[in-house]
Amino acid sequence: MIQMQQPKGIPAAYFNEREHQICVMARLIEDGKTYWVAGGGTPMASILLAKKLYAPNAVYVTEDGVLAPEPALPLDPIMTMVSSRASYRALQWGTMNSVGFHAQIGLMDYGILNTLQVDPYGNVNSTLLGDYKSGEFRRFGGPGGADSIASLCWRTILMTDHEKRKFVPRVDFISSPGFLDGTEGARERAGLPKDTGPYLVLTPWALFDYEERYLRLIGISPFVTMEQVLGEMNFRPKIAPQLITLEPPTEEELTILRTEIDPRGQVTITGDIGRWIQKREDGTYGPVEAEPEGRPNPNLPRSW
Amino acid sequence: MIQMQQPKGIPAAYFNEREHQICVMARLIEDGKTYWVAGGGTPMASILLAKKLYAPNAVYVTEDGVLAPEPALPLDPIMTMVSSRASYRALQWGTMNSVGFHAQIGLMDYGILNTLQVDPYGNVNSTLLGDYKSGEFRRFGGPGGADSIASLCWRTILMTDHEKRKFVPRVDFISSPGFLDGTEGARERAGLPKDTGPYLVLTPWALFDYEERYLRLIGISPFVTMEQVLGEMNFRPKIAPQLITLEPPTEEELTILRTEIDPRGQVTITGDIGRWIQKREDGTYGPVEAEPEGRPNPNLPRSW
Amino acid sequence: MVKELEILAEGEGEYHPVDPDGFRQWVRDHKKRALVPKLMSAKEAIERFVQDGDYLVYECNYLQRGPAALIREIIRQRKRNLWLGAKFTWVAAALLVEAGCVSKMDVGFFLFGPTVDRAVKEGRVKIYEYSNVVMTNRIKAGAMGIPFLPVRSFGGTDGFNYSGAKIIRDPYTGQPTVIVPALNPDVALIHVHQADVYGNARVFGTGISDVESALASKKVIISTEEIVDTEEIRHNPGLTAIPYYCVDAVVHLPFGAYPGEMAGRYASDVEHVVQVVGATMRGGLEVYLEKWVYGVEDHFDMLDRLVGWKRLQQLVQRATIKEGYLP
Amino acid sequence: MVKELEILAEGEGEYHPVDPDGFRQWVRDHKKRALVPKLMSAKEAIERFVQDGDYLVYECNYLQRGPAALIREIIRQRKRNLWLGAKFTWVAAALLVEAGCVSKMDVGFFLFGPTVDRAVKEGRVKIYEYSNVVMTNRIKAGAMGIPFLPVRSFGGTDGFNYSGAKIIRDPYTGQPTVIVPALNPDVALIHVHQADVYGNARVFGTGISDVESALASKKVIISTEEIVDTEEIRHNPGLTAIPYYCVDAVVHLPFGAYPGEMAGRYASDVEHVVQVVGATMRGGLEVYLEKWVYGVEDHFDMLDRLVGWKRLQQLVQRATIKEGYLP
């Protein structure tokens, strides 16, 4: 059974789906474990929020090999890695090679990734949509550090949006390995370390784990239905007998997220943040009718 | 043809065979090249003397990976490596691994080694005398860094004493590779880098190079005869058509060696320094009849 | 004794030829062991040490401590048919492709957009697939002078099939083990905090694989914020990240990482970076290159005319984190 | 697809088992990721983390920055059947053999003498042959989490035949290539200048392979001249040589390298070292051990009664070279 912290604070009445996803992820962080985190964005926001509220001894390791930094927040736009603010007050400054070797000897408990596409076996695509061989595809940047995170961490957690195009029966390109073809020992036969692999997938709507190396729905957000969740997937996951409710953000979580971790709204305001959700008078949650203005879009201050 | 610097200064009238060997070696150092030098002792004394007199741009690299130090002389007894005085004013402090990799990519032009035994193919034994398999042997410390120096430098130079037991048809144990069985390509077949191998052997009495991977006498010291040289070898080397005379030390060389590099006589007074040689009235050189007192044996100062 | 050792799978990608002995011979014949001053202009360094067709590595360009000025000079000199080691490269890959400098890329990660998309679709650029760590491991193997390195990642991916990797049965454990080919690039571009005129270089803060790249590459161009005396280097040999004898050129380029950050010295020019990132992702790089590369004489001209002292001073003032970035 | 890849030659030496997955599992289950204080006495650290039969690595003992006090504690606790990684070991190998602690040695280099000679002849100690670099390369492979590493040395030696090395035909170049088995020691003993209570450790000056040993070993005992606050570590993350999460015990042992040197802090006690080197080469180590190891309660008792403050102060005064050894 997945361990998840009880939310701290009063349930919030108003939040967006991205904020919800980050807060749920923060509660899933296990204290006292290492997290090798790809890039910035939602994975970084989640681990930083967790460290402030739920898992003070969780160890944040940046994709490029900075061990346990205490980033000087807020970070400049784009500069979520390899910058002096992102690497501030670390215990050790490493390199891509050093962190790769640390992970290769088993020091990284968890990896957190974003992905373009994921399939039932947890394979991750960040390279292209379409057909590689024929040349008919839309190309993306490549796995970056994700392949190593997915290969070398003991457990890999994916964060992605809940959209039909993201959940496909077979990813167009395996950029980073999940359970590959899903057979037992497939990872080991490919040379990957024993006992590693996909562990969770978290979207704003749902939480999945794996049963016998196949994606299994284990939790749902209170503002969506099972039908919605399954309707936005191109394959049918297994479904756990008991489903967890992914509790909405608390005021305390949102305050830390909005004022300390992401005051410029780079993760939680701009970009694809999903819908705004409100708590209705009957205690249920649902999308707001008219999208709010939210905080002003934090365009770059003129003074920069 | 071997390049050797003309001795600087007035020929000395009085010196020992160890001093002679070091001074000749110093004149053989090629300017502007890297020298990966095993341990302290005669190889280190030679490169340091060369840098002061003949090859100011030769680069001294210690066995343990210190790049171009300017050692704080004199060094403490035993502390000729890995000490703060030995590593002083380097351009980079490395490790055994880093210097090994620098050598492996071809950055080390020359290696200088001592050896217990050497054979006609330049194979080096520093492990044992006797028969390994039967267990009938006298054991020594092992190759240390010598194997890597002999494998990875472009050219390997051996310094050893001129004694019958040192020059044997086949070393009892190949600790560090020469030309192995002497056939063409033997090193490459064993996985060693192309175009590397033994280059010179220098004793107090004689200088050798290799002709078709077999030891060849090319120089003789003025205080020994060809018969003596060959008489103290357990095999017959090839002999070059023209033999060089290994000019005796100059006063200038000896002054630097005795007062700057080895003022405590750790290399040139104590231990096996060979015979004392004098210039006779007829201009020839020969061993002194009665061994002189020399400088007082530099026992450790009481104040330490 | 001849035993069999199976090769279980092989990628089909073309890879930069593996030749440790050839690299050793290059090092023997071209890397200067003596302390010879190597100070020269960016123009001269790129002219002398970057040839059409070379395999090029660099990292973190327009992020932090990237060799931004050197890359712009490559574009200005219109080098052709470069093979990029595209790991942690961000916008530089697209800039180089837009300028027509690139024909092949080994990809770990780069910021994608229409420029590269078009080039790939039209067959002008061929891509081979790796990951950031596999790429830095390949460079590590090159820096160690060995032909390949076992890795515990990359197996089972589709990238493997379009790479130079293989799966062998490890002769020690009997387990399937991925090996990747060593990479000895032709050229490494590295921007550092301090260097002496011989190339002994100090780096403060993090890096991706710059030390390994310096050792692995046939030609190494260092650009530096500051030239320090060799006496200063000798006062703390523990700070030397890159030793002079693998360096071919030293270029004194203050603000050489601009518009990226130089940790401890100046912040990123965020507006500039956001602009070029936007152009990379949505188009418009030709306009960017016209203004910032072709339209200026050199790095100093660019800083003087297009950025200006006041702006540079602001960036310096914004670099408020100093801990660990001073010798 | 199954292709053949030849194994051309193999050494016959027993070698510490190669098991990267097993090492990973040890790391997962035993290495603490949280910042947990690990400060303890030498006695406790050796009791808890050194078991009879363990494979032990250390370096430069009685030379510079060797873990001298920790090794004396191992002898005092009369550990048995240790397998030594005997590279750059100097007198410690003989001390440990004299004390009956050792049954196997992988040799790079050690100072030889009658003690080891007798033990080998009588079959109490078995020796396997390597070189210093091959040994540090094996540890490097262990620190990288891979089963083996190609090396360009060691081939053609007789040592190869009594080792765990092999020659394979490199699948990239077709050339014969030596590979050596990764080494993941059971225990690493490492003496450092500064560490915090969690094990984040700083080393100033040179080393042989201590950082690699810390990463490659199942149990890592750090002894340190000085405990520093973790705040101090965070102020300069570039100085951290060994990260806390591979460290199991931190022992505060001022003069822990005595009678060896600690660069920048104290000089070698030359008379003491000359004495023990003499005993190693000519006999008499039992007398040495009686006085300096068995005859004292612990390191502090030894320093207090047998060395004394005045002598220690002299050694501190003789450490006149500071450049590069201060944070």
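Letters A, B, C and D mark the chains as written, and numbering starts fresh at 1 in each.
Basically, contacts are C-beta pairs under 8 Å (C-beta built on N, C-alpha and C of every residue); 3 or more make two chains touch, one makes a residue touch a chain.
Values in this document were obtained by computation on a predicted structure and should not be read as measured data.
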- Query: Cα centroid separation between chain B and chain D, in whole Å?
  - Reply: 29
- What is the distance in Å between the mean C-alpha positions of chain A and chain D? 41
- Query: Between chain C and chain D, what is the separation of their C-alpha centroids in Å?
  - Reply: 36
- Message: Which positions in chain A are in touch with at least two other chains?
- Response: 66, 87, 89, 93, 104, 193
- What positions in chain C touch 2 or more of the other chains? 20-21, 145-146, 151-152, 175, 177, 205, 235, 237-238, 323-324
- Message: Quick check of your reading of the touch definition: is the inter-chain graph here a line, ring, star, complete or other?
- Response: other
- Message: On the basis of the stated criterion, which chains touch which? Give every pair.
- Response: A-C, A-D, B-C, B-D, C-D
- Task: Would you pull the chain C residues touching chain D in the complex into a rising list?
- Result: 1-10, 18-21, 145-152, 166, 168, 170-173, 175, 177, 179, 181-182, 204-205, 235-239, 323-324
- Note on the structure: Contacts from chain D onto chain A in the complex sit at residues 20-21, 23-28, 31-35, 143-146, 200, 215-216, 230, 233-235, 237-238, 240, 243-246
- Task: Show which residues of chain A lie in contact with chain C when the two form their complex.
- Result: 63-66, 72, 76-79, 81-85, 87-89, 93-97, 100, 104, 127, 132, 135, 138-148, 150-152, 173-177, 180, 186-193, 300, 304
- Which part of chain B faces chain C closely enough to touch in the complex? 31-34, 57, 59, 66-67, 69-70, 87, 89-93, 101-102, 104-107, 109, 154, 193-195
- chain A-facing residues of chain C, complex: 60, 63-65, 86-88, 107-112, 116-117, 120-121, 127, 129-134, 136-137, 140, 151-159, 162, 167, 175-178, 205-212, 261, 263-264, 267-271, 273-274, 277, 318-319, 321, 323-325
